[in-house]
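Got some structures for you, see below.
Shared chain: chain A. Partners: chain B in the first complex, chain C in the second.
Presenting the complex of A and B:
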């Protein structure tokens, strides 16, 4: 009996339990302000999951980088670059999506690796390196798109224009399965969560990531390949940003070079609200999943109740602090 | 000059010997510079003849090329100018920074352009530079957003209240005076957002048409992903929606995507504003939007007005641009002008 209670208490003090508590707090708010009962319909939750998926995919990559005590500000720009590349390859260049997707993912992977190499080999601050990459990738996206959105309205070299059919891949990515109850992008997000979980918890590289973030000097002495591990973290984040970019393009049915402005801050907030610490070495992707849902529900509840924008910003700030306090809450 | 070595001119003032001498030299140099600058200033006007060999030079300062509508404005200016071989336009992008834009206006004056076209980021910080250019004898055409006071040559712009009113009127007639409407607002701290909302309510005239009801309002801040999120909420909380009015076309498109995902896009009308050729007009042609209203860039009008000014003709101080309505029926013919 006592042993059972102790186990429960110990479980209650784990980061996952605390993060779940914050999520439950958010769900309770949703039940209270349910917008004439619409919060109790699955379609609302399904739409929230769709809306939060691109952020969630970015947050998975961000988790890996933050665990190494780094930060990746370039995710939103790589997302936009990937969206533009994907739209450009499939629409004006009319490549099949099966060919375009690997190319776009390679672009994300390459830019992420470049950031990682600068951090690991040149020993530059991750903040500065990824800030520079953020600006560079946004500029590249604008160059490729010519500053315009790339849509299915294609301008020919001679100046005339015509409408092409959107490739099937766009519709497929932005569709739903299981009787219309789950969006494909949400499944992509959950697959990214699973992949990140395998990387962090089941592979040796995952243990290296925690070791580098916890104490780089100790990790080096223990024989952890620091440089390779850091490059892996940023490359992975770049790759997932490209995945998110493809999802964004499919959902918007276009490649917009301006898309995703400020998403990096949402992704960081989701990771931190989950309980992964910015100082590195601690955290998990399960926590990030809970953090993503917490912020997703917050946005959904405010939107459902048609809260005015000013109120929304203030409430978002206040509720984020409440959620973090809830998570720290007892014992500290 | 007492035949001192020239190098003494460059001796530091702090050095006692020759201090007075060097100050005198400096005063002379300063005076010469002032005379040269004044001479340049006097000769600055009509430096170019406006012929094919010596074309007029127009400086165009755009506040932010990050926005597709402003990219279109530059494209319209470029296209209009291309028809006149006696004109050359220099384009600059202030990247959403008022001080950069201020520097661009000053640079244009210094490099001796014949006329400046500016689409200012905001009124207050750019009023003085524009006034200064006018005082230096360079005519300035202010596009889209105004500056304070009247020290500019011509203002060309559209009226968002009027366009919002047309959108409201169109929906009132399309819905025959009764219906449930969703309004997706732009950034409501910006004047266009406020004006498009105010005009819409005037055009809707709910006092005379109590059957017209705005059942959901969401601020999507001009952004398509936000519009989709807001529209999903509107769909979740309203079993019936008859029309969506979005303050821009990407917003209306985002709403349509949300409605289509819910299988409800046939249930309602979608109305947007801006009608860019590559955006809103295409959405109408593809049957996504039911109507969109042109928010004209004024690029072509700016070039026409610039030519009139350079040819010494009289031009009005204010030019208010009309809008055009695009529907499935008229989009192929380039829409219909309404005033």
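Presenting the complex of A and C:
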């Protein structure tokens, strides 16, 4: 009996339990401010899932980087670059999507690896490196797109314009399965969660990521390949940013070089609200999944209740602080 | 409880703690401890790690708010709820980890938080510097008040911290293992300052694991075991063997009785190791050291600060990168480790002397810390981990090393110092090493764990592992080494056999006075 209670108490103190409590709290708020019952409709939850998926994909990569005690500010720009590349390759260049997707993913992987290499080999601070990459990738996106949105309204070299058909891939990515209940983007997000979980808790590389974040010098002296591990983290984040970029392009049916501004901050907030700490060496993608849902519901509840944007921003800021304080718990 | 009127005799304690109880969660770690410090005494607080010394000290330093019992300072009960209140009550702690700001000057540090200032609030640097000079003279510290703290050796920083405590009129100074990073001559000057403090009538609480220091310093010794005071005695009344019995509640085997002679097969043949100074390139910290390490032997490395012993081990482990050049043969094949990874692959493992900074990943579990250097062994294609095999192997090893853990999944930072050290040792053993480089394997751990580690070492040596051992505790060095290599300023000053080695010979060689005395080869 007491043993049972102790087990429960101990479980209640785990990060996952705390994150779940924060999520339940958010759901309770939703039930209270249910906007005349609309919070109880399935479609609201379905839409929420669809809306957070792109952010969630970024947050998965961000989790891996944050576990190494780093940060990746470039995710939003790589997302935009990937969206632009994908749109450009499939629309004006009319490549098949099956060919365009691997190319775009390679671009994301390459830029992420470059950030990782600068962090690992040049020993530059992740904040600075990825800040520079954020600016650089945004510029590259504008160069490729000529500063305009790339749509299916294509201008030929001779100045005439015509409309090309949107490739099927756009529709497929933006579609829903299971009777319209689960969107493909959400499936992609969940697949990213699964892949990240495998990386972090089932692969040797994952163990190295935690060790490098927990104590880099200790990891080095234990024979952990520090550089390779750091490069892997940023490359993975770059890859997932490209995945998110393709989803974004499909959802917007265009490649907008201005898209995704500020998404990196949402992704960081989701990771942190889940309970993964910025100091590194701790956390998990399961926590991030819960964090993504918590923020997703917060946004949904605010929009259902028609809160003005100013209020929404202020509340979001306040709730991030509360959630992190709650995660940290008392007495630590 | 009404307080008795303060008595006016001079032997009134500076601090009296009565019936102190302290719990963390549901676990009580102090079960009603009484502890007093008189003016002008050095009161050594002894006990194994986990006995409750740190907790008791932290209560005095105002770190813990919630405890039961009574603390009186100067005869009156005081509530020391925050570190600031403790400082105001005249209690200063000289921490193992120093609390100076390295990027600020000596004077700025001395007056940090209590700057001397002029009429409009501007800092009066001239006055501060003048006063700092006086204080430094007082401490016999030959440094300029303008020097940056980061540029000072650790020993001077520590004395500076004492100076700072004195400028704040500290009546009680708490020293928590102050000598763990100091060399013999620095220890002597620290002890001289402690004697000065005693003469001024300050009370001193001194925590140490070094037997020798206890008997050099103590006026009284209080021994804690499992959160209870075993007793308080003067050093005369408490000989070392008895003290150890108080601490651990059992008798410890002294020294190492070796039966089998080391086999003659050479494992590691070091032709030359040279290490450059980290900032002054042309200076050499290790300068052409060579030696041979035989299978199943313990080679002790001795040397004072700056002798390059630790750097020698790090160079052999490939941890110094381009600073080091190593020419050596391991099992007859060339051995030039580029990085720790390549050393680990060849079966050469290093135990670092700073488990906090470069040994453990504190948030990782015991299992993950132990297996960190051997993950290749536990993973298959694509790096997929065989977690069950990993767990059972680690579990067997923790039992073998008698590591006491609440659970193999517990974060390693929740373990006591001795058990953390054993976790690190387990990490070094798991890849089945041929050569173990042990840099201060018993630093900052309790007597029981020390004995355990030396007993384990005997087993490894018997199993054919060769060990290079650095320890700053001379008794341990003499008892454990088959041969002792003494370094002086990066060069081999003497090589002593087990039979020939004495404390005096080692020290003389280390200080550069050997002139061939006792050197054999």
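Heads up, the rule we're going with is that the second predicted complex is superposed on the first by the 328 of 332 C-alpha atoms of A that agree within 3 Å, B and C clash if a C-alpha of one lies under 4 Å from a C-alpha of the other, contacts with A are read in each partner's own complex, and residues count from 1 in each chain.
Here, a residue touches a chain if its C-beta (ideal position, glycine included) is under 8 Å from a C-beta of that chain, and two chains touch if they have at least 3 such contacts.
Here the structure is a predicted model, which means the values were calculated and not measured.
A.B. asks: Identify whether chain B and chain C fit side by side or clash on chain A in the overlaid structures.
C.D. replies: fit
A.B. asks: Please work out whether A:308 is in contact with chain B alone, chain C alone, both, or neither, and reply first, second, both or neither.
C.D. replies: In the superposed model, A:308 contacts chain B only, not chain C.
A.B. asks: Rounding to a multiple of 10°, what is the angle at chain A's Cα centre between the Cα centres of chain B and chain C in the superposition?
C.D. replies: Seen from the centre of chain A, the opening angle is 120 degrees.
A.B. asks: Which partner chains sit in contact with A:51 here, chain B, chain C, both or neither? Use first/second/both/neither.
C.D. replies: Touch status of A:51: first partner only.
A.B. asks: Quick one: classify A:258 as touching chain B (first), chain C (second), both or neither.
C.D. replies: Touch status of A:258: first partner only.
A.B. asks: If we overlay the two complexes on their shared chain A, which of chain B and chain C does A:217 touch? Say first, second, both or neither.
C.D. replies: In the superposition, A:217 touches chain C alone.
A.B. asks: Is A:136 touching anything from chain B or chain C once the two structures are fitted on A? First, second, both or neither.
C.D. replies: In the superposed model, A:136 contacts neither chain B nor chain C.
A.B. asks: Which partner chains sit in contact with A:38 here, chain B, chain C, both or neither? Use first/second/both/neither.
C.D. replies: Once the two structures are laid over each other on A, A:38 reaches chain B alone.
A.B. asks: Quick check for you: in the superposed arrangement, does A:147 touch first (chain B), second (chain C), both or neither?
C.D. replies: First partner only.
A.B. asks: Counting touched residues of chain A, say whether chain B or chain C comes out ahead.
C.D. replies: B
A.B. asks: Does chain B (first) or chain C (second) touch A:299, or do both, or does neither?
C.D. replies: First partner only, chain B.
A.B. asks: So if I take every C-alpha atom in chain B and every one in chain C after superposing, what is the smallest distance between them in Å?
C.D. replies: 30
A.B. asks: Using the superposition on chain A as set up above, list the residues of chain A that contact both chain B and chain C.
C.D. replies: Shared contact residues on chain A (touching chain B in one complex, chain C in the other): none at all.
A.B. asks: Could you please specify the touching residues of chain A with respect to chain B in the complex?
C.D. replies: Residue list for chain A touching chain B: 35-36, 38, 41, 43-44, 47, 51, 142, 147-149, 151, 153, 155, 161, 163, 174, 176, 248, 251-253, 256, 258-259, 299-300, 303-304, 306, 308-309.
A.B. asks: Note which residues of chain B are touching chain A in the complex, please.
C.D. replies: The contact residues of chain B facing chain A are 65-68, 71, 188, 216-219, 221, 224-225, 228-230, 232-233, 236-237, 253-254, 257-258, 261-262, 278-279, 282, 285-286.
A.B. asks: Which residues of chain A touch chain C once you look at their complex with the stated criterion?
C.D. replies: Those in contact with chain C are residues 202-205, 207-208, 210-211, 214-215, 217-225, 281-282.
A.B. asks: Looking at the complex, which residues from chain C come into contact with chain A?
C.D. replies: Within the complex, chain C touches chain A at residues 317, 319, 339-341, 343-345, 350, 352, 357-364, 368, 371-373, 375-376, 378-379, 382-385, 387, 427.
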